[in-house]
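Okay, so chain A shows up in both of these, paired with chain B first and chain C after.
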Partner chain A sequence: MISLADRKMAAHLSYGRVNLNILREAARKELREFLDKCAGSKAIVWDEYLTGPFGLIAQYSLLKEHEVEKMFTLKGGRLPAADVKNIIFFVRPRLELMDIIAENVISEDKLRSPRDFHILFVPRHSLLCEQRLKEQGVLGSFINIDEYILDLIPYDGDLLSMESESAFRECYLESDQTSLYHTAKGLMTLQALYGTIPQIFGKGECARHVANMMLRMKREFAGSQTQILPVFDTLLLLDRNVDLLTPLATQLTYEGLIDEIYGITNGYVKLPPEKFAQKKQGEGGKDLPNEPKKLQLNSAEELYAEIRDKNFNAVGAALSKKAKIISAAFEERHNAKTVGEIKQFVSQLPHMQAARSSLANHTSIAELIKDITTSEAFFDNLTVEQEFMTGVDTDKVNTYIEDSIAQKDPLIKILRLVCMQSVCNNGLKQKVLDHYKREILQTYGYEHILTLSNLEKTGLLKPQTGTRNSYPTIRKTLKLWMEDANEQNPNDISYVYSGYAPLSVRLTQLLARPGWRSIEEVLKMLPGPHFEERQQLPAGLHKKRQQGENRTTLVFFLGGVTYAEIAALRFLSQMEDGGTEYIIATTKLINGTSWVKSLMDRLETLPF
Partner chain B sequence: FYVRASYQEGKLEARLSLLQSAVDEYNKAKNEFAAKATEEEMRLLRFQRRVEEEKGERVLGYSLQDTMHCLLAAGLHKQAEQLYKDFRVPDKRYWWLKLSALAEKEDWDELEKF
Partner chain C sequence: MIRSKPDEEDYWNSSKFRAFTFDDEDDECSSLKESKRTVNSIPLDDDEDEDEVEKVSWSGEPVGSISWSIKETASSTQSSMRDQGFPKIDTTPSLTKQGSGYSLSSLFKGRSKTGSFPSFSESLSEVSTRSFAPELRKPKSEYKDYVSDWTPKETVKRMQRGKVYSLETFRSLKDKLLLLDEAVSALDGNVITAVLIYLKKSLSKEIISRELMSREIALRHYIHYLKEVGEQKVLLDLLKSLGRTEDMALLQYREHLNLKDELRRQDFLKNCVSLPFAPDDANHVQDHYTLLERQIIIEVNDKQVEGKGQTDIFKKYPRKASILNMPIITTLYYSCFYHYGESEGMYSSPANIRQTFKISEKQYFLTALGARAKLKAWFDVDSLFTTKNWLGYTKKRSPIGFHRVVDILQKNNAPVQVLQEYLSLVEDTELRISLAQKHKCHDIIIDTYKDLKDRQKLIVYRGKVERGSPEDRKIDSLLNNTQIRWKN
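Moving on to the complex of A and B:
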């Protein structure tokens, strides 16, 4: 049974060209089956990291229907008291979590109330973890040890993410390909539900790996062909390190800026409460709420769907236009004469009120953002970014960066800029690089030497080698910089960064038309191989394309994607003569800050 | 690796010896920059200890910039000046620092001097 509220929650998933609700339903079905395996009342002990992503699959109401009475967060010591028959641990397969579980189980046994313990590993079962539980002497206490395969989580009508925070770090720094295996598995699940994807394109080492694994898995399953008409025509796998530049730049779309400034996690954003305080009338405004305001952001909200992907400079106009429409709609009531007309007006009220509160929310958010985007600091930072992207003085020490270090601005801001300069110059001169590194170590502390070395290993920061700087060629051939980017009525994807067209999306665009053969030379300058594979479809499943029907391409970003890139792809989907619609998948939704942070080594420094 | 371990050492002597191992490793790996940076860090730690012993200012474990800031704020101009020279701190950054440290302290007399 799906409750009404729940159906509403997931409505945003079925708007798109591909109904991602099918995927969500499949995930829910599996969860229900597992819960029913453990008969009787239950308490779930959560690995805290998983609660966000799980919220997108199932609300508490679903769990409740299956006799889940209590929920706890996993932590050491003894479990909180709960009068239930089953204790289920929902955890990621991590050794340190196993130790905590063991501690829980051992201290529980002393209480002599017999319980059944279960573990559900997400997304994958691990023998190492089982071994650890055995060493701790608690393996025998578990009745069920299962895995819950949750690879790709639907975030929006056209967006899937694995929300694997460290995927980029693992793949490009630690050469750990576990997340690529999960990616391949996730894509197999997707194909089981939506049919085999006939064409696979890719660029980059990791893309190659994933494609190889997929083809191998398919061979292993030969014979059990799915008889589903393929929904996707093409899969494009892109390595993040093919385009290191884009995430470093500050996103300038509405959603991108919300993420840059406040951070969006699992489709929610937390905002400072002050701006939203006065809304509640009758409370006298005495005590301002201290809790941050939490808002859900997805395309189910009509207004948000309209403005999320706009350049921020076009959001103001859109909001005021909307305000006029709404107030005009409210004015309608004066014209309503007959009972029928009044009845019709009243029936529209809930919808109108929702629209009005949504408008109020977004006007407040836009004001908050505007305070920042109009600040001098934001402007200076953006100017430097744009200079780098257009290739101005990228081979010299930049004075703005020096000044920012001298004033001890946040380290991540400095790292983003220095990396950006390095990427745009295809590496920095040894002298320049050493100067920056010295400045950073002397100002922020020697311990950051590890972070700097991580950035060098992933190629974000590098010394210039003998070869010529290839970035200007890439920029010109792929038209990465558009002088006349139109922010209000965009005609090119470059509007998402007010001039810079994200390289990753440009590659996607060119693949659809005229094809990668035309940019062979540039592709060779970018890291990793590019390739094309075809998967045989069972006879009779070849799609007969109707005249004027669009193709559907799944673009998979290995190592993360930004909201601005998503916006650019949505823009391409909507172009009238585009001919292709895009569904986006990734290992993680990122922005420059969260991305660089994932590469930092934070040392627990013992004080002297 | 040694760098990581060194930070888990609460004792200065132990940390210094681990950092020395790091210097050796960096040298073996021909990473000149890192070796030099590590040596500088060791020098800074020793300097900080001396200041703590002699002047009673707590600066051990701070970054170079924070150490200088601390010294200036405490009126230990000579010591700050010495760090500035020893570690070849770029003039620009040092002046910025001096300005902000003195302004924070509202030490206008000292500010007048340059």
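Moving on to the complex of A and C:
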């Protein structure tokens, strides 16, 4: 039963071209091994942030099989009573968490029979954290300090994420490259499981850095070459700062909009309950319509897999088509006359019921989203975005932005727009920049100087320097704006933003065909070096490609990727004569809001 | 904000842009409705097949997922705690632990990553004492003498693999720097930071900043480390010695956020003013200081006035919150609300605030309008927009577009006469008509059609007003007026 349920949980990981379930299985194995190291009954104290990513690897049942009897959320003060032999802290290596752990350990009841403490650092062990525990005087209380290398977590059949929230900030603002080291390590793990990737392409400083580390790590482990036929043909490493524009734009795919509006975390979304409230009576006796409705979103759900990457304007039609099919299937019951036919019908019922409830959910979600996309506010905002992306009046103060500031719209919305204008104009005229800055500081508070300075350091916001605005050239050469984007039956990736083709994905597409040599000039206008490396394969592992067989490329977005970009890559994978299938990996799944937020100064003490 | 919809649609249709609109609004709506209908019409089988359908709690969490289980197991503990009643005194001596049957070595037959523990049998012997007074014990590694002469390279490797290592053997500056360079070339931030911590402990600030100047990567890690652990002072000195004065200034300025007391905050900001900011930031910080200074004065004064209970405005509209630490625009709004009409010499007067903080005309008008409209002070609204020219004629003028004025007035439930006055000032006739329709100002619509000499539109509009109403009569008399030269 348990294993069946679990197999169901992860089945969607093995549907794709590359069986990502192998990676998940490896992660599970390591987890089991760790748990078995701490013999006896145990309680896990969780860093709450980790429960989401862990949920993608293992269910409670796995932990239970290995004598995990209690689980708590990490909190200050004294640990809850639990009659177990081991207390294991599952935490990210963060200093503030070390302080909490220290508090737990110090206030442990000395009169009770002592419990053994362990720490499991995820995704990596940290000497800095150990140092902190030492300073707090508790380091000696731990029997075991270990690390659980969870670099790349499989999110879907073609999607891996490190879910490292601060990766972009660390790389481009703090210049701390630790997360790049983890990236390289993660890629080494991937190669250990799926074979050496013969070709590496990259664009950007961080990409160069990661490639260097990988090549070096490979030299160091030269002895332990994996004898696995390579699954990936190519690795493409892309710096987020090569394409700062795309995440700033509002995503217009179904999944992208769900993320923009409600935020998807670890494959789940929380939605306002009203539209889902109707028929849920008789569930455990208590109805909780005030609690947000939580839904899991991945390709295991047939309908979702079908519509997630569509432009939202094409979702209504798809849902209604599906409704007709399901409806017809249910009608079949009237035609079932013989016992055999009835039996056949009944055997299909569970599947039909699932399809039905899936349809109900997505119809409700589509309604929620439609309320927003048809609002004047959404329309006006999108209009301005599209003006910027097509290069209209990007060198002037924009009235809509001014008005939005005057209305005290959320600061992040303002920052997204101002940054977008800056990126599309290759920097703002000093006078324009100063005007925006003054308006923002006057309306939202002077302390935001710090946030503005962060945005300037990462290049999202900048004054125009002497050089010419290169954005129009980039836009034209890479065909970033398509006049006739077809939302219903797309023929180009630009459908994901109703006209704008994400730069990052365009670069990926052009790499596959006709190759980057054709766009050397534009590549030089974008930040950071571009490069190509080859990794030697052990003899006998050279792949003999069948005629017409697709290539497999792993695209790694350093600093984050949006759902719309993922949709665009899936679109390329599915193109009939595309010739390449893409697996996507990233440091973090982002959208413009979460991204800009990660760059804001942490103003904990803000008075409002 | 109001924009004329028909206008916009023309714009979209004629320009090369594609707006994100539902091409066929009705069709789209109906298709969603239709799928909803279908869904609801399909019979619902209540007892779903347990084996096939994953159990999901109402919050959507699959039953058995980790976050679900935390709630579950945690709540069961709570109840068991309640059952327990008084805490039981544990009579088992804690030292029995040492004699307990389980073997620790069995826990760690795999590779160990516990860098600080030389051997597990040793840590076992410490267990009992440690749990009584953990803070008194130093971990073994700190005093244990290592008989090791690992090279920098070996040491870094050991650190990376979580094996026992010792940094104390690197005594000379030269050795320490070799170690640092080795860590940097291993590219492992974790190890770099650990080495830097050792260097920080064993070297003077001057030497560290001198040596890091030529080691960019190590320097970045060091700065990040100092930020993480909150070593503000060390960091400021470092940035200063590196000549990164603007960073230093911002970092220091940031500290004000940790000061809760407004007077201390004010003093702190005063000192910040002279820090080496970039020129425009310097102005902003100066403004920030001035603002807080003013807010403190206003707050003291208004609190007192409000307390006395003799001033109408405070009696009628008690202050909801203190004005301290609010943004300048909020402060201006406050001033327009409670201190409108005060002479320019007063710190709390709108005019003074506007001038001191160089608030743009647009922002000023919007804020003043918002505050006065909220108070339904229509007379103030009137004078806000009235200007006299040199001949003494008065004229209405607005830097924000009268359509927005109308919008704000309407949101504050302005009477029709007031709305009409500003509606008639909206220059774009189409926009004026659509706004007038939205706010049901018939006179404006009728007058506009008259001005446009559009007889046809007027006839159509007559169909929309009530028979025999004043509007109806007005239209009639216009249509019968032979003086007007209609264009159609």
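Simple rule for what comes next: the second predicted complex is superposed on the first by the 590 of 608 C-alpha atoms of A that agree within 3 Å, B and C clash if a C-alpha of one lies under 4 Å from a C-alpha of the other, contacts with A are read in each partner's own complex, and residues count from 1 in each chain.
As a convention for this text, a contact is a pair of C-beta atoms (placed from the backbone, for glycine too) under 8 Å apart; a residue touches a chain by one contact, two chains touch by 3 or more.
Just so you know, these numbers come straight off a predicted model, no measurement behind them.
Peer 1: Looking at the combined model built on chain A, do chain B and chain C fit side by side or clash?
Peer 2: Clash - chain B and chain C, as placed by superposing on chain A, overlap.
Peer 1: Going by the contact rule set out at the top, does A:Ala360 touch chain B (first), chain C (second), both, or neither?
Peer 2: The second partner, chain C, only.
Peer 1: Going by the contact rule set out at the top, does A:Thr443 touch chain B (first), chain C (second), both, or neither?
Peer 2: both
Peer 1: Looking at the overlay, does A:Glu402 come into contact with chain B only (first), chain C only (second), both, or neither?
Peer 2: After superposition on chain A, A:Glu402 lies in contact with both partners, chain B and chain C.
Peer 1: Can A:Asp146 be said to touch chain B (first), chain C (second), both, or neither?
Peer 2: second
Peer 1: In this superposition, which partner touches a larger number of chain A residues, chain B or chain C?
Peer 2: Result: the larger residue contact count on chain A belongs to C.
Peer 1: Looking at the overlay, what does A:Ser107 touch: chain B (first), chain C (second), both, or neither?
Peer 2: Touch partners of A:Ser107: none, neither chain B nor chain C.
Peer 1: Looking only at the overlay on chain A, choose which of 276-284, 438-446 or 456-464 in chain C hits chain B.
Peer 2: Here chain C runs into chain B along 276-284, and the other listed stretches stay clear.
Peer 1: Would you tell me the residues on chain A in contact with chain B in one complex that are also in contact with chain C in the other?
Peer 2: Looking at chain A, the two contact sets intersect at 402-403, 406-408, 434, 437-439, 441-447, 449-450, 453, 601, 603-608.
Peer 1: In the complex of these two chains, what residues of chain A are touching chain B?
Peer 2: Touching chain B from chain A are residues 402-403, 405-408, 434, 437-439, 441-447, 449-450, 453, 601, 603-608.
Peer 1: For chain B, which residues are in contact with chain A within the complex?
Peer 2: Going by the criterion above, the answer is residues 3-4, 7-12, 33-34, 37-38, 40-41, 44, 60-66, 87, 89-90, 92-93, 96-97, 100.
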